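Okay, so chain A shows up in both of these, paired with chain B first and chain C after.
And now, the complex of A and B:
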């Protein structure tokens, strides 16, 4: 394979390096014009509208409503991430232990949820969770409860919808990581005297930390920008940052405030990514050392 | 000597497949016992049954008379060395060796002398702070051994521990393992498909075939007096000469190969019942002679058709009329055999064994 690649690059008329730069040029131009420019313009607007200066950021710090929205966003994201990792870890762990056939089926089922748009899924959850919805009807029907549980238009509804949406994003990196863990390590730990629980805690869990770190970054970043799910399942009562920004943009027309909030969100996500990618390196001691 | 570990009529089935079929075996305390067999013969299933990872469908495993059939692996106190070593990649060599003591609730300070001793035993004290990935295959292998020995296990189970190493290193480690066995005195139960390894290291070997023990004995018993064509074929190289018309007079047995008559002094070995019979002759038990007068009583005329030089010896293939092609080893003290030489192949009357059946594929006899 290496030999073939060598021959291919040598026969390229542009020479090796030029050819490879050519390949990244088009996407680079595309990203720069359609992504980087708008992002920079958002950042510029946040310090120029309505007047030049950091007024918008001062508002973010002082305004109680905005602080509530930010607090709610952090809370929902943290709970969503924790629950998604917990369920995702259990699913990925089970998948790793399945025979090949069942594993492929599970993989397909996980991927399947990507095919259904977030809008449809959110409405489906409303149908299931609302007071006259499927779940409440069943629970009342079999007599477990006598008045409907409040499962939507609150934090719980938003978290259920978000965890459901995020699960594949946690399962896939976790599964990929767990597949790289030598399957004889846990039996080896057992043979050396560790109970199943201890073998898991001292061997499997530490080795799956890089996967956990990767999954948590993905889930945390995705959930911080959630818009449709909290808007619909929260029913206007649970306002997260993305929805708040949208309202400032399209209804109150405070573009300065909206862009400064967007900038804050972006910086937080960036900081999280950097912090977590550092942690991932530390987690992977076997390779690093 | 009391039995350290016993298999009592152990059967293990996976659906329709029988991995172990009514196997009984007593392993003595302090013994180096090898389970040898081709892949799928049940040797690894047997080892994992001892280790506690496989529960038998029927029968029992006992340790000093106590049934341990259903005891989980962590409560057995057996060391187990896996084929791929199974070192923990996130722990250093020291931490890997400390692991079995740690899960037994020992503190680092308390474990320090034990870990140091066992690292010295395998001569890896200077690499204690390294991670497994920074070690060579042979070093990883020794760490796996140290980790399996540090808690003074009652048995050490080894699952093809040398199969991933290159040939030269394997030879060295075979010697080291044998040494280690003598020094620590623990019972070693060793699984391999490598017959050379089995012969050079074991006190006793159990040869497995299709989930059953085909033959059990010391290396020389198995090599010199195989009980079946399978064993003769599996351990070393063998010629199989079709024989007929046995004529038994006490220890003396007359037999015919083609039209020629031969004599066999069987000692106390039993003879198979009538049916197709083969005389199994090791190549090193055959000698080439230039003329009939020098050759012993048992000899056949033939022509050298192939010669291979191996440094310390030659291997010649001699084509005979009644016994087919015979593989003969010729040591360097003899003159070099040449292709086309007319020779006599001779063997002593107490050489070889007479076995039931014929080899399925005669090429196997010296395919190596």
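And now, the complex of A and C:
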């Protein structure tokens, strides 16, 4: 009987695959109804509330307050991404060349910080950076400054907190990418007469570019929609797009504006994601060539 | 001379690397001494240590929030694990244009910014009357966790020979028997990793929870968030200390498990 079923299913591939189609479709339908419909209705509401049309998007372009928020978002994201990539790249580079024990310790510490909840991490930064916080206490204690520095409720605090959150997202993929680079290539370039600088610039750096591009877009994606850290360390003074959306939604109840800004944010992030996958592919073919 | 220069460069990047690592870890470790302060406000214990902020954790509303978080995280991790594994195995077996596009759909919740989720689910759940319910939050967390299960189970299927499935079927096993006795044992490591990832995704999730829950469902991140706004409560430091210790132990167990797997 079972043997017959086996033969039957082999002769009709459709029947054989039915179970697998069921396995694929169940989660897909679940997500299409409970996820896709709510997300798409955000976009729909952005062009139907309060009236049908693109009025909300016109407001986004014209309103000075919103332009300031968007400008601030772009500025904070750019600085965060640049700093994160700079220190993340150096860290991953050094990790690849460390003795194994040291590498394992550093990897453990990076992963540990990665897994600690963003709320606890932001709380820790408040404890360190606030006017009566640890850093100001130390600096006053050793006499470098006599009045507390303003380290939170401004751009500086937000950037510190965001770089701290993003660093593992840069270090881990960069490290994974650099580990795949043949470690004998740079010494080979050196043996053939290239200066250390030239060997790095013409051999190592180009090979690490796909990882670098991937990590930077990843960090950019996460920073652009970041809510927790700007809201807590910015203290209402540094308002980025996510916090602005939340205010429109919960306080001023301007749903048209909230949904259209959410749509803009979503489209930017999707475009970045497509760019990321495309760039990574180009990088891969480049490596083969 | 040239090699000397090269070594200097590695040394310099090593110094930068350790500075970066200290920047990552030291501020987090600050919460440990802060949690022992005898004062009611955020401060370092100066000579005098106290466990009062740990007492608050067991007596205050913190315990019920831990319960809420556990309930939501366990339910959504199990749901995400079941659906994500089904999808990954089905996609691995069929692997055609349709399932590849469906896979993008399943990965979407990982890419869309959480604040967009907050707007979307606030709207949709108010229509479906799911605001401030366990079911409402569990559904959201399940969807947010699905991509991680799909990715990790897919990763453990990559090296699986597709003929294994054919062999099992031609030896007379039904599709169900093949799934449970042949395929699922092969993807167990991926399921374990995906399930843990799904659990943590829910356990840590804050942004959607802020908007779609209020009092009936009060998860731990939500309570921490409220605590951070009201006045910065040292009880959060006590909680943070416990979470840091659990995370460190978890990572050590993972290292130990991976080493044991290798030998």
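We take it that the second predicted complex is superposed on the first by the 253 of 289 C-alpha atoms of A that agree within 3 Å, B and C clash if a C-alpha of one lies under 4 Å from a C-alpha of the other, contacts with A are read in each partner's own complex, and residues count from 1 in each chain.
As a convention for this text, a contact is a pair of C-beta atoms (placed from the backbone, for glycine too) under 8 Å apart; a residue touches a chain by one contact, two chains touch by 3 or more.
It should be emphasised that the depicted structure is a prediction, and the values quoted were computed from it without experimental measurement.
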So in the superposed three-chain picture, is A:97 touching just chain B, just chain C, both, or none of them (first/second/both/neither)? second
Chain B versus chain C as contact partner of A:87, first or second or both or neither: second
Name the contact category of A:123: first (chain B only), second (chain C only), both, or neither. second
Looking at A:207 after the superposition, I want to know if it touches chain B, chain C, both of them or none. Which is it: first, second, both, neither? first
Once chain A of both complexes is superposed, is A:252 in touch with chain B (first), chain C (second), both, or neither? neither
Touched partner set for A:68, first chain B, second chain C, both or neither: neither
Please indicate which partner A:242 is in contact with in the superposed arrangement: first for chain B, second for chain C, both, or neither. second
I want to verify the contact counts: of chain B and chain C, which reaches more residues of chain A? C
Which partner does A:33 reach: the first (chain B), the second (chain C), both, or neither? neither
Which of the two partners, first being chain B and second being chain C, lies in contact with A:195: first, second, both, or neither? both
What part of chain A is shared between its chain B contacts and its chain C contacts? 190, 195
Chain A partner contacts - residues on chain B that touch it in the complex: 51-53, 72-74, 76-80, 82-84, 86, 88-90, 99-100, 102-104, 131-134, 147-148, 151, 157
Spell out the part of chain A that touches chain C in their complex, as residue ranges. 2-3, 5-6, 9-10, 16-17, 19-28, 30-32, 34-39, 41-42, 45, 87-88, 90-91, 93-95, 97-98, 106, 108-113, 115-128, 130, 132-134, 137, 164, 167-168, 171, 190, 195-196, 200, 221, 224-225, 227-228, 232, 241-242, 245-246, 249-250, 255, 258-259, 262, 265-266, 269-270, 273
Could you pull out which chain C residues touch chain A in their complex? 2-3, 5-6, 9-10, 13-14, 16-18, 20-21, 23-25, 27-28, 30-31, 34, 42-44, 83-84, 86-87, 89-91, 93-94, 99, 102, 105-106, 108-109, 111-124, 139, 143, 146, 169-170, 172-176, 179, 200, 204, 206-207, 210-211, 221, 224-225, 228, 232, 236-237, 239-240, 243-244, 247-248, 250-251, 255
Within the complex, chain B is touched by chain A residues 182, 184-185, 187-195, 198-199, 202-203, 206-207, 285-287, 289
